[in-house]
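One chain, chain A, appears in both complexes that follow, with chain B as partner in the first and chain C in the second.
== the complex of A and B ==
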């Protein structure tokens, strides 16, 4: 077993490379190509998951060598620490059903000649994310990071004949590279001070200090924050995630953002020594902002995939909020509290991955069946796609943080961390905790509203378009992965104690964290701090709810009269899809209540023919202000453009001038070096 | 181990059954007191039971457009409300299922019921259902943080999130009211009004299209389906009033399951809930319903009170 684990990761990478090669060779045979690429991906994911699960259960890191370049003495080595293993496990758990789904989905969504490209990009993406999680040195990490960015960009631009897709891919590339630039600078500073390129040397926590430490933190924060999609570095996310094919969107939302989260953990939270209180506060503020604004923007979307993308920002915010709480605890030397917060945050990584993967796959099925992403053109789909509808409903309940599903345990743990933080942190800064708890409560309640709307408007009542009326259920290969993820939502929600037990080893492997007692309560429940403070056993509570459901069934069983069907009362008229409540109307009250955040712009035009009292047509347009784009990014872009225009003076296009630059540079360098030696 | 499980099951069954039995009475009582304040006779006190019995026997009429979600809605709503009663201490200073969870599980369970009912309301295609669901979820979204912060304020003062342990600690302590208790109580009272659909937030007696919230959401229900919704709403109201009574006035609650102590606890509980019911009635009779877009102001007052309660307790 040990030997198998030791070669598991190189073997997984080898399988990926072979799969990519095979996919490329099969370019002319779309179907074989699809099966090959996805089955290869599944095989590789199973291998990485085996390694990850072994590391999580034994707590022993697995390390090894991938490649050594003797001439340049560059080493590509890997190390699966428990933290890496957790992220690797989540990636595999969600990557496998997504790959199964893609076998059937790509047949409909991707033009045959592009299958090879998309199939291999899918493998490149998964392989590079795996490499990011296990990289043990700067070179490996940055190579994997860059390949990950490029593979994602290629997948976002799958529909490259569409202007929107090209724009999304471009925006993603630009923002990612600004982030990567920050990372490169940060890593170079660390490497220069440590005199090494390997992570154990760089992340000992004592490499840099003072202002330099603050600077490196800021660089990593921005660099990884872009990938994690937290506000204000989020603007690429709602463009890029919906543009990609749905199964890739699922992959991006469920696991790609965790690459950013992993970076924030490894390098900001636990790589630069004991965190500063200011860093913790910055994380908490960014987390809260992302959570609340993410869900508020999600609420008003009518594009189903955009809605899910904004909700990814929300959940990323909750994860970062947990990490911020942990850093605050570490800054105040509270190792036990920090352990609770880290457990909350890491558990949400898993739970969000599962339900968001499920929801994106469901959205993919719906979009495939109706040909639209606009919920205002859906409706009545539950009767036409009963299984997809059921799975989507389970995902919607889970993401709303309802007990007995998997959104609840991690939000519950986050609340624990925030409440314990409030009681055990000294000073005024503790008020950040109840504010965060209040905002988290608001976020989860708004998420419930958002997903009642998303499910209700798209799946219930009458179809709102002919396309929706003619929708057909997805094939088996697309339903099975959704069923699997829906079942996971239930299992993870009913037995969070089992997850927490596995997580405990990961938590205590991080520097500075400690648990006083097991965080679990019995086999099924959670009691992270002290059993007396709070505990929850959803599995037992589920029995009570089930009992109450049976009671309700019995109560209604006594009548002797049969059920009767009748048309819905439509105030004397005929009920049509036009009289149904729309998604826009559903979120309108909240739009008006949070007007100062949305700053909506409305335009109502009445087209009249005979008299102004009888409009032939009323046109209604509403738009919410893209605050961050307008007030942060537009000025920034303008600044960069002005700078670039200024630089144009240097680019004269004449060879003589360029030679002169080289000469001047050489002279300066000679003078400078001569002065130092 | 097994006797413990049996004991908890028995207590849970008794408590849930008791709450179910009393809830319709509370609803009629408020109706009756309201009628008296308006110089009307009002319904007899048993009217709530008559209504439920009649509704349960009637044939359910369901929309042709609706799916299974419409049928599931009231059942999940009912189950959530009934299950929630087992998490709250009523007569004894222990909740039957306090080992399963505390405040967060309670609020989450009520959110589950609301999710189910609001989703089901969208199923018939009736614009009223959509309107009701939208408004109900909007108000709930604003009320939930205030509810949680208010409960946190009292829970953190004692150092436990478990409602049973919370009441036990309160009983063991010297009875002393901290200023923050008054703030938290005021904040929670506003939320109870909002969550139970009472004036000034919602009007339970109206069926006017433009003003109804909860009633619009359940407009399409009839017969046993409607009975479940009505009953669950009554249980929810009783649950909220019990919570307020036992968290802020833990007088008379039995520490052990002894006949005399239980009898005293029953009287004390009935008295406290009655007092709160009078307060709800007076508020409902002396106020006008607020415009929908004024409700957020009311709720933010409650949010502010809860936050202040937390702040003055700990700073």
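== the complex of A and C ==
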């Protein structure tokens, strides 16, 4: 077993490379190509998961060498720390069902000649994210980071004949590269001061100090924040997710975002020494903003995948908020509280990956069956796709934080950490905790509304279009992964104690954290080790709900009166799809309540023929203001463009001008350096 | 005696560069370059005789045959063939150019005192002349528009580098010297052909028209 773990990661990378090569060779045989690429991906994921689980259970990091470039003496080595292992495990847990799903889904969604490209990009993406998680030095990390960005961009641009896809891929590339630029500068500053390129030396916490430390933090915050999709660095996310094939969107949401989170953890939170109070505040504010604004924007979307993308921003915000709370606790020397907050945040990484993966896969099935992403054209799908509907419902309940499912424990833990933070930290900044808790409560409620709307409008009532009326259930290969993820939602929700126990090793491996006593109350319950903490056992809910269900079933079974089927009463009218509640109408009250945030623009046109009181047709158009795009990014882009125009004067296209630059530079250098000795 | 000859030759090279700046006729400019290279050959020979570095005789022979004879001959032939004999409109007029070159010479001499070898009398002059020559060569490239003048400017820069190499340092390794010589010949050949092509295409050898190729 030990030997297997030692070679597990190199073997996984080798499997991925072989898979990519085989996929490329099989370019002409789409079906074989699909199976090869996805089965290879599954094999590699199983290998990495074995390593990850071993590290989590034993608590012993696994390190090794991937490659050595002799000429430049650059070493590509890896180290699976417990933190890396946790993210690696999440990646494997979601990557495997997504790969299974993709076997059937790509057959439908990807044109045959592109199968090899998409299949290899899928493997490249997963492999590079694995490499990001386990990299033990700057060079390895940045290489993997960049490959990850490029692979994602390629996958987003799969439908490159469409302008929107190209635009989304371009936006993603530009934003990612700005982020990567920040990272490179930050890493180089650290490396220059530490005199080393490997992470253990760089992240000892005492490499830089003072203003430089603040600067490095800011660079990392922006650099990783872009990938984590937190507001205000989120604008690429709602564009890129809908453009990619659905299984890739699931991968991006569950995996790519976590790469950013991992970066925030490893380098911002626990890489630069004891966190500054201001950093913690920045994390908490950004987390709160992302959570509340993400869910508010999600509420008004009619594009199902765009809605899920905004919800990803929300969950990313919750995770960052947990990390921010932990950093605040650390800044005030509260290691136990910090441990609870970190556990909550890391648990949410896992839970979000599982239910968001499930929801994106469900959305993929729906989009495949109806041919549209617009929920206003769906409806009545539950009758036509009962299994997909059930799994989507489980995902929607989980993301809404309903007890017994996995969204609940991590949000509950986050609440506990926030509520306790107020009493155990001094000063005015502690006000951040109750404010964050309040906003988080609002976020959870709004998320529930959002998914009631998403599920109700698309799955319930009557079909709104012929495409929806003719929808068919997805094939077995697409249903099984959803079933697996839905089961995982239930298991993780019922046994949060087991998850927490696994997490404890991860939490205490981080510098400055410790737990006083186990946070678990058996496999079923959670009870963080501070007396003021509440304890919770979701299993009790399960028993109550199960009992109620059994009672209801018994009551129905022994009822005397006969069952009678009748059409729904419609006040004497006829029920058609046109009488249904629309998605826009559903979110209208919230739109009006939060008018100051949305700043909607409405336009109502009535086409009249006889009298203005009897319009023949009413057209309603509504648009919410893209605040960040308009007030942050448009001016920024304008500034950059103006700067670029100014630079163009330098590039005159005249050889003489260029030669003059050389001459002037030579004279300046000569005068400057020549006179010194 | 030796140092007097060296300083005289070096100054002669500088003067030839000044004359090139002040000259508009292409044929005369080419001949001036030939004279400059001849003076460089004399410098090499003088050092070879005075310090007993016999490998410098080869350098001198190469310099004289290639740069004082072969290259000027080839360039003269090119000019004859394309039938353009005058630099019409330099970017900067002659008096202003001469003033700028004066400034560049001051910079060159000022900087030369910063070098360790600059402490010795002859070395000081050689470095000063070489740096001035280098800067004037660059300046020629910037202000002149005819491709032939550009080539001559490049060759002047190359002469400046050679002057430092043989006059101040122990000299470049022979193989490097040989390589550079052939490089120069090749460059001149290629550029000569290029000039003919440019003239054929644009009916001018004004390289500022090349900017039309920019997208």
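As a working rule, the second predicted complex is superposed on the first by the 644 of 677 C-alpha atoms of A that agree within 3 Å, B and C clash if a C-alpha of one lies under 4 Å from a C-alpha of the other, contacts with A are read in each partner's own complex, and residues count from 1 in each chain.
Keep this in mind: a contact is a pair of C-beta atoms (placed from the backbone, for glycine too) under 8 Å apart; a residue touches a chain by one contact, two chains touch by 3 or more.
Remember, predicted model here, so these are calculated numbers, not experimental data.
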Counting residues of chain A touched by each partner, does chain B or chain C come out ahead? B
Which holds for A:555: it touches chain B only (first), chain C only (second), both, or neither? first
A:659 contacts which: chain B (first), chain C (second), both, neither? second
Just to be sure I read the superposition right, which of the two partners does A:538 touch: chain B = first, chain C = second, or both, or neither? first
Touch test for A:586: chain B only (first), chain C only (second), both, or neither? first
Which superposed partner A:667 touches (first chain B, second chain C, both, neither): second
Check chain A for residues that touch chain B in one structure and chain C in the other, and list them. none
Report the residues of chain A in contact with chain B in the complex, numbered from low to high. 380, 382-383, 393, 397, 400-404, 408, 412, 415, 419, 422-423, 428, 430-431, 434-435, 437-439, 441-442, 444-446, 448-449, 452-453, 455-457, 460-462, 525, 532-538, 540-541, 544-549, 551-553, 555-556, 558-570, 575, 577, 579-582, 585-590, 592-593
Could you pull out which chain B residues touch chain A in their complex? 12, 16, 56-67, 69, 74-76, 78-80, 82-83, 86, 97, 99-105, 108-109, 111-112, 114-115, 118-119, 121-127, 129-131, 133-135, 137-138, 140-142, 144-145, 148-149, 152, 155-156, 159-162, 165, 220, 223-225, 227-228, 292-293, 296, 303, 307, 310-311, 314-315
In the complex, go through chain C and note every residue touching chain A. 91, 104, 107-108, 110-112, 114-116, 131, 134-135, 138-139, 141-143, 145, 207-208, 210-211, 214
Quick one: which bits of chain A touch chain C in the complex? Just the residue numbers, please. 652-656, 659-660, 662-663, 666-667, 670-671, 674-677
